[in-house]
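Here the structure is laid out as structure tokens; the discussion comes afterwards.
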Amino acid sequence: MPGPAIAPSELRRRYRAVRAVTETLCAPLLTEDYQTQAAAEASPPKWHIAHVTWFFETFLLKPHHPDYRAGFPGFEVLFNSYYESIGKFHPRNQRGHLARPSVEDVYRYRRTVDAAMEELFDLLEQQPDAGICGFIELGLHHEQQHQELLCMDIKANFAVNPLKPAYRHDLPRRTVESTRPMRWVELGEGLHEIGHVRGSGFAFDNESPRHRVWLDRYRVADRLVTNGEYLAFIESGAYTQAAHWLSDGWAHIRRHDWQHPLYWERDGQGGWLEMTLGGWRPLDPHAPVCHVSYYEAEAYARWAGQRLPTEAELEVVLAQQPLQGNTFEQGFLHPMPAGPEGQWHGDLWTWTGSAYLPYPGFRPLEGSAGEYNGKFMCNQMVLRGGCCATSLDHLRASYRNFFYPHDRWAFTGIRLAGNC
Amino acid sequence: MPGPAIAPSELRRRYRAVRAVTETLCAPLLTEDYQTQAAAEASPPKWHIAHVTWFFETFLLKPHHPDYRAGFPGFEVLFNSYYESIGKFHPRNQRGHLARPSVEDVYRYRRTVDAAMEELFDLLEQQPDAGICGFIELGLHHEQQHQELLCMDIKANFAVNPLKPAYRHDLPRRTVESTRPMRWVELGEGLHEIGHVRGSGFAFDNESPRHRVWLDRYRVADRLVTNGEYLAFIESGAYTQAAHWLSDGWAHIRRHDWQHPLYWERDGQGGWLEMTLGGWRPLDPHAPVCHVSYYEAEAYARWAGQRLPTEAELEVVLAQQPLQGNTFEQGFLHPMPAGPEGQWHGDLWTWTGSAYLPYPGFRPLEGSAGEYNGKFMCNQMVLRGGCCATSLDHLRASYRNFFYPHDRWAFTGIRLAGNC
Amino acid sequence: MPGPAIAPSELRRRYRAVRAVTETLCAPLLTEDYQTQAAAEASPPKWHIAHVTWFFETFLLKPHHPDYRAGFPGFEVLFNSYYESIGKFHPRNQRGHLARPSVEDVYRYRRTVDAAMEELFDLLEQQPDAGICGFIELGLHHEQQHQELLCMDIKANFAVNPLKPAYRHDLPRRTVESTRPMRWVELGEGLHEIGHVRGSGFAFDNESPRHRVWLDRYRVADRLVTNGEYLAFIESGAYTQAAHWLSDGWAHIRRHDWQHPLYWERDGQGGWLEMTLGGWRPLDPHAPVCHVSYYEAEAYARWAGQRLPTEAELEVVLAQQPLQGNTFEQGFLHPMPAGPEGQWHGDLWTWTGSAYLPYPGFRPLEGSAGEYNGKFMCNQMVLRGGCCATSLDHLRASYRNFFYPHDRWAFTGIRLAGNC
Amino acid sequence: MPGPAIAPSELRRRYRAVRAVTETLCAPLLTEDYQTQAAAEASPPKWHIAHVTWFFETFLLKPHHPDYRAGFPGFEVLFNSYYESIGKFHPRNQRGHLARPSVEDVYRYRRTVDAAMEELFDLLEQQPDAGICGFIELGLHHEQQHQELLCMDIKANFAVNPLKPAYRHDLPRRTVESTRPMRWVELGEGLHEIGHVRGSGFAFDNESPRHRVWLDRYRVADRLVTNGEYLAFIESGAYTQAAHWLSDGWAHIRRHDWQHPLYWERDGQGGWLEMTLGGWRPLDPHAPVCHVSYYEAEAYARWAGQRLPTEAELEVVLAQQPLQGNTFEQGFLHPMPAGPEGQWHGDLWTWTGSAYLPYPGFRPLEGSAGEYNGKFMCNQMVLRGGCCATSLDHLRASYRNFFYPHDRWAFTGIRLAGNC
């Protein structure tokens, strides 16, 4: 769902900037780090940087660059993620089995595609084409999504390593003396509009059409639930008491013996450590609890006598807040304690109580890009608000992220809501 | 969510009637049939008739009958379905492993509980108690749900048997010469109310509170999709083409090699047979397609250029239709071709495009009964409308049934909807 | 491998006797008990009594009875166990899913086949045929194997039931004051012959040909390892110490969280209960430990500083002992404490350290019966000596039983051996 | 089971030589290749080269080098393969998840250990110690085993890659015009000795003690079964006919849909390609069939009217043949067509019909090294003869290799045997 036409020259600038961010993000990696896939859902960094390149090659260069000749045989299969209409693709959970192409070859692939994209920009400057520009914009947002996935997947790979390596040792942090109190923002009942405002900038197809929803009076917490608050939940014995849990959630935590969020580990002295992109750190009680599943978020909210917001409730509130927060640009790459102004955008994707389903009148993009979002509208829950690994110019109030209820390797957190 | 107080004498009459239906339903079964569990999700009939009895014993007799003494040691565990707050329960997929108690013992259990319930009714007639009466009503609707499960599970057990036995050989059927054309019922946009109207009769807790929803203009088909129409979908090659399917659905049908609805089998002469409670029959092209998953319903609708209705859309339409149709009382125990008046209630539970989630302001029942519905509000989809195995006095427009997207052993069907 | 020709009249007598034993064994069962399959490897009793009948129908009546007409359609598939050359068969782990044919129909099947077998005996008395008689003898030994399986499988079904029912409440037992000391029988080195002595009576094909083996000096314990001795192994912490176990065994006991033999349960007062066909009983420290896997037997022997005998070593010793012991005829249906004379035949099948492989020059039976034993000669270990559920006239020193190293629902025990 | 004392200076020479071979073997690998684990049973090359180093560090330096200080924290867990008595170890199927230590760090580890080993050799030259020297010899043979595993695992990693890369493009090959006819070597019955001759050179503990076995007259083929011969088996429909297979084998090939040996692929023109360390090559009908499981070897032999040799039968023949053949030194790294002299040592490990069990009187090595071989003596089959990736000075007639019946990523082949 492209926004208003962007001048090709501006788009070229953004192309260069976004592509550069990806490479900066990978700069601290060793070749071995690029190659590793420690969990079925986490792809090797090498795969990510090839796949986002494949996206430009497949959706822009092949159809729209008059002279482009694909020069990397097999890549169309290896780096297709899940586009059935494009052709076959390598099984997701076996991406780490592919030693070749080498990291060097993948960077060569990037440079080749980048060069051809520059040529395409030349052409577009001579003969602008809103459709092509819209697709380039989609490709950039796609790459920004994969920048976030890179952060998640790098973390997953580093976390399983008994040597406890860190992705970066120089990540900054923000600390506070005490937890900022949580306050409620209340909203009156009424007919609201949610979804992407046509013509107002970029959005994915799943954010449209904008449509009316009725909301009863409700309230939403102005910051995320903290580690300290979540610890009280753990220490109350919640992970051993069925009463707090959805039936599927209870079955899941017992089958997998979950007793705390992902990436927590006891420090052997009564405290806890938490894996971050900066390595293992003592758990900060004032910072938001992170890497929880929907099951845990929902159980926590119930235990706390509250509930999770719906996606409509949250979008309405987020749309009223300035678009700023602890996003990728801040450089923390980890959620930070709320400041006096509360927490809205950034820090952590907030689980909502809404299933990921099509909006009324939803129509997927034409062609293969229609597989981008629509076919996943089942079995997943919506998350809102962006996180510390989301670029600010990739974020907006109508953004719908989605994961399975048991997923927790993303930067996910909890925001409480309630009726009033 | 009990309805308005029912006189104990009337409740006693209904108790006797509902309990008798269960036993009539089981009358054609051999002892071996009672004992069998051919699928993890289908319980042995013996278990069902004990469990519904356990429900009255646990929620009525133990707390409210002054002299009741439980005389069947171990049954509190064996026949507890999933109430964590009551205590332990036998694993669902191992219910068929329990040769004992015998069928005879289970009927003795039923008679013992029935006798004590008669005493409780005596007490209630002397000293009415709306709370207790409400729970009895819940118990009766619970038993009616299990009557429907009995039909489903008996069918599942008979279907796997290579000897092709029938539950009953004398089931009636209705045949037509041609498929009644499908017509659309159109509804204008507006703010609607859905959910149970407080005080209007029985409903489960998950149907409350009644609340407002905004609906855009939409239309709903006035009958279900037929076998003939679904065959065209199959014959178009749809089960081999990813484009029609949700991603999870495509993965599921490939993993399980699904090529047609459950209980269909080629007849060896180019046609199809369908398993029914009356045994294997030639597929009737004019009758509704049955035993499809959500994945198949959703894919069919997309293939047909339409979509599934949301639960709100469907409730609004159903509430406008007379409460009648091919329900349990008709005795077909199978969906029948639509008559001139179309098809609304009964025949088959219709998959909606809505996830099973709490209504705004939902509160589960107090105590253990709170586990009845609320804890299942994740990963499942809502179905509406009742089926040929649902008793009419158990049915209402606000009824929310729910199954996992891959489930198809229930009496499930497809109704198309669209925007207009 | 039939023995010397048996007169048809004698064979008829044995046929009647063996068939009667099967039915006597089933007499205490309820219809529900006949129907149940509580473990994938344990068949429902109904299936057993039909299958042994199918064996006579398939291998004797169909090929050799001139007028026999199969009157039970579908049974040729349902009750074929694993004979690929005969045709399709129902999956083993789904035998309990078949409510039909009813127990009554299966007994009708038995009576029909028995009547036809009587006619075949009439013919054989007129015109003896050693080949046919040999196959009948095979069918009788086959049925005796299934009598033992019935005991095992009935026990498995009863054992999972929380109501703790017993197959029979009137089973006798033998008790002693103290454990008889274990003594060693020593044998000198030399070239021995093992295997079935041609012409000496019935044996299965896998016991032939008789052949020479070289044995070094060795010794074998003259009784089985007791519960008391095995308890010392448990109490030493053996189930938590990798050092005692084969690698596959250690992986297996950890994956399945084994901490004691199958059918043991703590009694809540520091002692143990043991499931028997007579119900749950306090563990008798003087009786042989039962229902152990090869992994446990091997680990115990190593822990005790000994080893298991090879099958050749054990056959040589068994062949020197009188063919008597605690067999099916004794009526205990459970291993009993050794008497002053020690324990050789009966009580429990003894795990040997020998893999189940073909003897040098082994040739399976001709035709479908060749699938009886030969195709299982991989991944299993040999057991020797018969058990409390083996009929004496079905037992011999050369008998090779076999199970997977992790199996323990058979009547299996431990006999120590060593070098000297 | 060390051989006669080797002079420390000679041992130092061999140490340097064996260690150098490992590094030469890895020279063609990219960093990405070192890191990859494409199958649970195949370890990443990085892990192998660290593990063999860990072996020297753990069993030689830590106990016997007076000043050695372990400088690589965590390596004692990461690179312990399966020694429970040493301590914890990283799960085998997750070795590829460990991006760190880097390849460079692992080589640094190697150099550190090599330097300390040189110091240990200095000490040994001053004060020889047969026990320590024996352990060094064990470590060298251990490393040679891992050289063979490196060849197997590198092949497994390369084979799954759709880009079809080759480990080396310059591997030599030997071709012939026609298949050399197979001839039988016959041996008379008698009492033979097998196992390691004490004092005759190095052997693993599982090859002792040397002991007597009786063998009947038998014959063994003087070359391996070829691809062409195996193709006839395939083309006869053998993979679809149960009659040829062991029961477990038939279940396995159907579950995994095996239709040909591992690493075969149709070339799209009616022929076959075969993956080799030199890349994908057209299948050579005259070369030995490779990468077959025991199930396939056993089925082929039965189909061909023959059988597999027992390990005793094969050892007796191998011991009569000169110790030469297509081994690692030849540089083919693939089995080659038999020459006029037949094929005995090298080319492919030959499946025998013998289960991997302890020899009579077997005693594992003392201490942790006792876990080297003994605990795997269950569920596996013995293979004999070495292969094209086995160093000649690591090979001997008494060598017992072992794999599970379904394994086929090793260099395994088929040699026929029979009775006469």
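Order of writing sets the chain letters: A, B, C and D. Residues in each chain are counted from 1.
The definition used in the following text is that a contact is a pair of C-beta atoms (placed from the backbone, for glycine too) under 8 Å apart; a residue touches a chain by one contact, two chains touch by 3 or more.
On a predicted model such as this, the values are computed, not experimentally measured, just so you know.
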Chain-contact steps, minimal, separating subunit C from subunit A: 2
Longest centre-to-centre distance from subunit A, chain (CA-based): C
Between subunit D and subunit C, distance of the C-alpha-averaged centres to the nearest whole Å: 38
Whole-Å gap between the CA centroids of subunit B and subunit D: 59
Subunit A-subunit D separation of Cα centroids, rounded to whole Å: 46
Subunit C, residues touching no fewer than two other chains: none
Chain contact topology (line, ring, star, complete or other): ring
Pairwise chain contacts under the document criterion: A-B, A-D, B-C, C-D
Sites on subunit A touched by subunit B in the complex: 82, 84-85, 191, 211-214, 216, 242-243, 245-250, 294-295, 298, 310, 353-355, 357-358, 360-361, 375-379, 405, 419
Footprint of subunit A on subunit D - complex, ascending: 30-38, 46, 73-74, 77-78, 90, 94, 96-103, 157-158, 160-163, 165
